[in-house]
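Here you go, one structure.
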Amino acid sequence: MKIGAFGEVMLRLTPPEYLMLEQTHTLRMAYTGTGVNLVGNLAHFGVESYLLTALPANRLGDAALANLKSLGINTSYVIQKEQHIGTYFAEMGYGIRPTEITYQNRKNSSFGLATVADYTIEDFIDTVDLVHICGISLSLNEHSAEVALAVAKTAHRKGKKVCFDFNFRPSLNQEPDKKRVMKERYQEILPYCTVIFGSVRDLSELLERPMDLSSRSAKIRSFQEFLSDYQIDWFAGTTRQSTSEKKQLSGYLMTSTEWIETEAYPLDSLDRIGAGDAFAAGILLGYSENWSLDRTVQFALGNSRLAHTIQGDVPLTTRKQVDQLLTHPTIDLNR
Amino acid sequence: MKIGAFGEVMLRLTPPEYLMLEQTHTLRMAYTGTGVNLVGNLAHFGVESYLLTALPANRLGDAALANLKSLGINTSYVIQKEQHIGTYFAEMGYGIRPTEITYQNRKNSSFGLATVADYTIEDFIDTVDLVHICGISLSLNEHSAEVALAVAKTAHRKGKKVCFDFNFRPSLNQEPDKKRVMKERYQEILPYCTVIFGSVRDLSELLERPMDLSSRSAKIRSFQEFLSDYQIDWFAGTTRQSTSEKKQLSGYLMTSTEWIETEAYPLDSLDRIGAGDAFAAGILLGYSENWSLDRTVQFALGNSRLAHTIQGDVPLTTRKQVDQLLTHPTIDLNR
Amino acid sequence: MKIGAFGEVMLRLTPPEYLMLEQTHTLRMAYTGTGVNLVGNLAHFGVESYLLTALPANRLGDAALANLKSLGINTSYVIQKEQHIGTYFAEMGYGIRPTEITYQNRKNSSFGLATVADYTIEDFIDTVDLVHICGISLSLNEHSAEVALAVAKTAHRKGKKVCFDFNFRPSLNQEPDKKRVMKERYQEILPYCTVIFGSVRDLSELLERPMDLSSRSAKIRSFQEFLSDYQIDWFAGTTRQSTSEKKQLSGYLMTSTEWIETEAYPLDSLDRIGAGDAFAAGILLGYSENWSLDRTVQFALGNSRLAHTIQGDVPLTTRKQVDQLLTHPTIDLNR
Amino acid sequence: MKIGAFGEVMLRLTPPEYLMLEQTHTLRMAYTGTGVNLVGNLAHFGVESYLLTALPANRLGDAALANLKSLGINTSYVIQKEQHIGTYFAEMGYGIRPTEITYQNRKNSSFGLATVADYTIEDFIDTVDLVHICGISLSLNEHSAEVALAVAKTAHRKGKKVCFDFNFRPSLNQEPDKKRVMKERYQEILPYCTVIFGSVRDLSELLERPMDLSSRSAKIRSFQEFLSDYQIDWFAGTTRQSTSEKKQLSGYLMTSTEWIETEAYPLDSLDRIGAGDAFAAGILLGYSENWSLDRTVQFALGNSRLAHTIQGDVPLTTRKQVDQLLTHPTIDLNR
Amino acid sequence: MKIGAFGEVMLRLTPPEYLMLEQTHTLRMAYTGTGVNLVGNLAHFGVESYLLTALPANRLGDAALANLKSLGINTSYVIQKEQHIGTYFAEMGYGIRPTEITYQNRKNSSFGLATVADYTIEDFIDTVDLVHICGISLSLNEHSAEVALAVAKTAHRKGKKVCFDFNFRPSLNQEPDKKRVMKERYQEILPYCTVIFGSVRDLSELLERPMDLSSRSAKIRSFQEFLSDYQIDWFAGTTRQSTSEKKQLSGYLMTSTEWIETEAYPLDSLDRIGAGDAFAAGILLGYSENWSLDRTVQFALGNSRLAHTIQGDVPLTTRKQVDQLLTHPTIDLNR
Amino acid sequence: MKIGAFGEVMLRLTPPEYLMLEQTHTLRMAYTGTGVNLVGNLAHFGVESYLLTALPANRLGDAALANLKSLGINTSYVIQKEQHIGTYFAEMGYGIRPTEITYQNRKNSSFGLATVADYTIEDFIDTVDLVHICGISLSLNEHSAEVALAVAKTAHRKGKKVCFDFNFRPSLNQEPDKKRVMKERYQEILPYCTVIFGSVRDLSELLERPMDLSSRSAKIRSFQEFLSDYQIDWFAGTTRQSTSEKKQLSGYLMTSTEWIETEAYPLDSLDRIGAGDAFAAGILLGYSENWSLDRTVQFALGNSRLAHTIQGDVPLTTRKQVDQLLTHPTIDLNR
């Protein structure tokens, strides 16, 4: 199964060795974004992977393109126009000190300014079997929201699978009335989707659906009603539990009739950004290869746990690494 | 004499060791801009120096502010609002390979979005004796152009000296009709100015003045008419001569009655960005301390030549270094 | 309240990535010292902060000065004379391997050689409302001890608050009879002080006061006698508890009538040097803003815990970061 | 025209900042080789470019593959087998100090051990219109020589163009009788080739052809006899002239009837390795797009001169950069 | 007691900051190997230490030699011939992500190609009192196995002590029938040895000895039979226990009559490679200085635990550091 | 011939990539000094080389010692006492910008505080055939001057050759009357010396000898009288000629009857510190191996020219490199 993603490419700039911006004259640079992370990871799993996005038509855009190619991503549908790339600075946290993200220039980026007419959406959809859409596209601005919807509708029309990640970021949606607009956009795209990544909060707060959380079975019923309403195949996500001593991660995956939840594993985190996309990549791998729900969610969670131990957003894990973690979790040296 | 500057602060990101963006995962970061370069250099000459500018109200803006302070710049009049800083990537050239600049996010930066109401222009002008305005502010967008004009007018009204650098960048002014607008803006600001940095081209092409270049004396006459028209004290600039073998630099400085031009010196260039601002800093130092024209232009050119040998835009030269170059030009080791 | 500090500026040289001196050809350089850490941190809290110190009158001293400015410290009272700066190499420990500090050139540094006559102590004290004095100045040599006493006496005479940090280092006081001299110097300075940072050991071993540690209430009584004797407002410090598995940190703060001690928090330490100064900065912030004892010590301890997670000695924490740790201790990503 | 190359991928390890191996604990790593350089450069010119080679079937081979992709090279025909990659250390020279290359593990590399049966030569040749073969393959060992001949013969049989670079390295051919074997291999491959890169020495010493160098016209006649004998379309190469003061570079290009030689340009060299491949890439671009001989050799030489100014072997030049050098040779800053 | 080791020197290349090969253009370089680690560590303990090995006769070999010298190793018996050095890339793991080792060019290295005739074994043995032989030499190829046996026999003949480390690596011995050959080689060398590093598995699987593990006393008896059979003085090793939460390390040391096992300590691991050699160095120090079994194994285990916290393979610990860990295990800062 | 040197070891700290102290948070560290440079270079020529010096008895001294060993220097006579090492910061110049040296802590270093009683001078002199003494030892302080004289006298008494380098630094001798003291010290040491490095100025200004420079032959006569007076075998030095365009270097070598001067070669300088020591190393190599004057001075000058192209003070040149420069001066790549 060929998998494509529609999403923004961002430039990530990270001070070395847990330094803060004020302390350093040096930065590590990488190209990232939900779509990049997802199809970059899938390419490392051996899946033929495509990205639909817009990069600047300048030397920085060229460098970004070279980096996407190095991840194994097929970039035939990447366009170059305008001059800017969304950027973020990540001051890496340590222990109780949180990682601090500072965004730059997101709304006026090449991706933010690209319209449906700029892309070759039909050809892209013809090429892939499944397309992943990141919910941030719905929030970023009207251009990106329109493209996201067009991608979903085109895929649905052509009989391709659509996967959607809620990825709702309150910080990108603070204008008055924005939340209502967002709810409508999410409701508009959901009917075209068959695999969804999300959480209770996405359903209860964003979509304002009544969620009965009084018992485990009630919660499952509430979810499954949502799945039935939109005829969704799979709904998946992760749960983080934090105490002052320890952080833990578990994953869940459900259909309209089944519900699987993994045990919670301790997290030893080098760089937590992108770990959600690693979980999604694992789920899509299982979905595209018809794995059982259980094997899929175990693989996805293992992949996400490994992604926490990798510098940068893009999960560069291989099947071999994830399988070794699941079968021999205490090996710490391969030679 | 206390000297202030109004101008944009930019983030400069430079790959190490002459690498290109495509070749590196590491960048050197610095904060720069005509105003920064000028008052940063003057602070190294022991002059009390101020900057009027706008930085982002986030951690990146805080880091920029810390860097301005480390240059010795008084930042009391720097404001923090909005979220973005203009950025450029500098791929350093070597030999026949030119340095490549890629700009990001300039028009929507904190500086680009700041208006006259955001700044405390009156207080700033009360504090300084001379204010330098970079011509790029006139090009960037309407907000920055309005602030530049307000600064010039306020200074003039309060009896402070105004220094203006044409710094006309055709690449920032390619919209139709933009050139006409720019000519008007330049004509509007000039009557308030007493020290000008510019070139023949600025007068002939931008201001569309008739310049008689048929002989040296005719050229001088053309310039001096311009100085008389606008009651300008000093007009200065540098001239670069390039052959495939060698680059050379000379400087000129004129009043409405005098004209001094230095000999041309060979250039051994490590980083040519910011060297024009070093020349300006040297001229302003001589102007503020009532040096002779000759001493001033020799110091300014020596300063500019040294600035070509310093990594980054900001000329970190001291009086001692410039004086040693002028008096003992072949010393290559101080111990 | 404007706060000043008198203390040594040191050059810290640190091998990267936990390497040892023998393993590296590269060092990270930073400028530090109790006074720098304290007022640098207070400047990040928005307090107008000053440093009274002596730096070399050469390019290294200039670079040190630029770095102090970048921290937001007002350097008007920093003098430059002589040629040397105290230096230390910090080989960062990891796990059970301790951090190793190797000092260079402390006694003959510009700071060590500066005398009362070199500084403008009267002006400095006129400018600030509270002055912090590091006890190391009493140990370093006679010059620095004299200056420390002069600062304390001048402040007291002018009605300014004096804060004193015992910071007694046995390793700097190993000459015969030095301990007796030190006891006298500490006894001489204490009557001028109103805020003290110290420990049981400072009182029992250095000052040779009888401390009854047989019960908690007895210990409190012993401390409060000391506070009464010297009319001290606040006495504060931290306690580290280490087992082979875990390190923990708690803080205490007392007046002559009250005693508050925080719970012990686990420490996840990236760089423990300077964390004591972070605690002191937090205490002084609360003192200068009339916070309750409880709020003060909680903030100070949170600040110290964060400082353990920051590379280098200088705590670059902001109020926002400390407050977030206290209110939302499990957040590990801000975006 | 689609262009492919058959050649070895090598790992290049370079100490930073002109340091020698003995002086550094750090290395810059890159993947290179005549084929990589050539098709990597052509990809930057917008040509669809392929590489036929063998990489290790391990994580190092995976990393090499990712780097080839980032250059824009189509890697569909790259195989992974065995465990080793040929490696060289490049201690960068400066001024009169030569660059020192130390090779490691070339003969037992994946490329050295790969045989005709391992590759899909037929498919590769079907895909491309022109194939470039590096003469080093004939020297390395019997396996690589056989593959090189098979590639040439298959291309010839299928009516595709064959380009061959003599690249004769005496140091790789020092076994007794090796020179005779090499002459036979070169004679065997030449009949299949239509574009050749070489020098007088290749013809006179390696092929032992009589070359009359007594006059310019005699030399041209000798060359053109060679071209006629083997029905070669184009023969090209560069000439370096060195004095103690200056190095210069010129290029030549001939058909059986024409002879063009450029003027000699001064060389300002940052990294001279790979500059010959840049010349070849320029020639092939002109050949594939039917440029005039003159335009072709000027472009190729400009490209080679630029390649001398780029860190690393792979010429990352674009058409825009080469064209700017040819039309505006003194521009040293693009903004 | 002078101690020598026979073993391979390898070049280790490590990406910085836990990056993977795919993510970096920079590597840290170091020279390592069981023999290097052992005698390098012993030199740090003040023992006169020698290495018998073969390095390339080129600039890389020269650099390796310089690095061995810097460790304090006497290199009089190191020869230089052939061109290659065995190399490995170490992608450092983090948390649940294992460290990944990729070997290059081991069998054709200078060490792999050196024969008995190349070395001056007699002189080497005359110089030292005890010689350590790494079992990998028996696996690498026939040349290195022959040299290892010659070293053991010569030492035995001259009345010197021989220490042998099983170090059996299944991955180096996967050819059919290789295991039988290996068993014979191990059986051939053991009669000459008096100190052995190994494990239950070495005895039961490689030597195919019956080991009764049904009870602690039975296990001890099985081991002590082995010691009696080969007249071995000391047999020692470490045991790692891993759960998903925690790793722990203990050590054991036995004679034919005694058995000592330490408690298990938690491991906080920065770089676990080389930690086994640190244990061996500690044992040999105790053996050569006639320490008690208990003191020896405690020191050796402390040394090994510290080695886990040091970047790189070579344990650069001093006696002072190990002693401090044993006596004051919670000190985390020495100043 | 075994060669030893008596001289200070200094720590050199250099910002990367031509940055200034103010611009960097990173430094490159190396250990250097005239003696280190000389015997380090001789060790690279294959000469058995020793250093007599004092290093700190701490971890920094240990690291320095490891670095001396890595250069191939025999460190048996290096002592460790006291705590400090002389340090200098080298801000590398570029083009017309001079390199700036800032010294730290020289007079109170371990070397400065070591006395005749601390060293084993007799054994050192017994071991070597020729000893080199750096004139800076005479200037540094009384301790080092006494040791230098003791070394010279002991060597003379035992019939060993003494080589002395004037190396007079006015900046280290600015106290009143210091020049007279220095003249006496130089006059005291010269009778024991047979090879001298110096210049006209050393003889005329420091020793206040009448030097007739009116003609070449007069100058030679003046020098040769000096050689006769002190029974000096060889006197050598280099001459630098600088214009604004170009720097050039030539060398001279004379006996009491012969005078040889090389032509002047252009200098392409990466790091000029230590190049004088490279010239001295070349002269001593020729002296110790009885080369002709001409071969010696050509080799020495070639060595010095190469040393200008090497980062750092220590000339790491080999005989092979110098010989290649002399015989094939235009080769710029060895592979």
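Labels A, B, C, D, E and F are assigned to the chains in the order they are written; within every chain, residues are numbered from 1.
Heads up, the rule we're going with is that a residue touches a chain if its C-beta (ideal position, glycine included) is under 8 Å from a C-beta of that chain, and two chains touch if they have at least 3 such contacts.
None of these values were measured; they are calculated from a predicted model.
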item	value
Contacts common to subunit C and subunit E (chain labels)	A, B, D, F
Contacts common to subunit A and subunit F (chain labels)	B, C, D, E
Listed chain pair A-F, B-F or C-F that repeats interface C-E [over half of contact pairs the same by residue number]	B-F
Of all other chains, the one whose Cα centre sits farthest from subunit B	E
Proportion of interface numbers common to subunit D and subunit E (over half same, under half different)	same
Centre-of-Cα separation between subunit D and subunit B, whole angstrom	45
Geometric centre distance via CA averages, subunit D-subunit C, whole Å	63
Interface hub residues of subunit B, defined as touching at least two other chains	17, 20, 22-26, 30, 66, 70, 100, 103, 269
Contact graph of the chains (line, ring, star, complete, other)	complete
Residue ranges of subunit D touching subunit A (in the complex, touch as defined)	66-67, 69-72
Subunit D partner contacts - residues on subunit F that touch it in the complex	16-17, 30, 70, 265-266, 268-270, 305-306, 308-312, 316, 321, 324-325, 329-335
Subunit E residues within the subunit D interface of the complex	13, 20-22, 24-30, 58-60, 62-63, 66, 83-85, 87, 89, 91, 100, 102-105, 108
In the complex, subunit A residues that touch subunit F	23-26
Contact set on subunit B toward subunit D in their complex	17-20, 22-23, 88, 93-101, 103, 169, 171, 242-245, 247, 269, 272-273
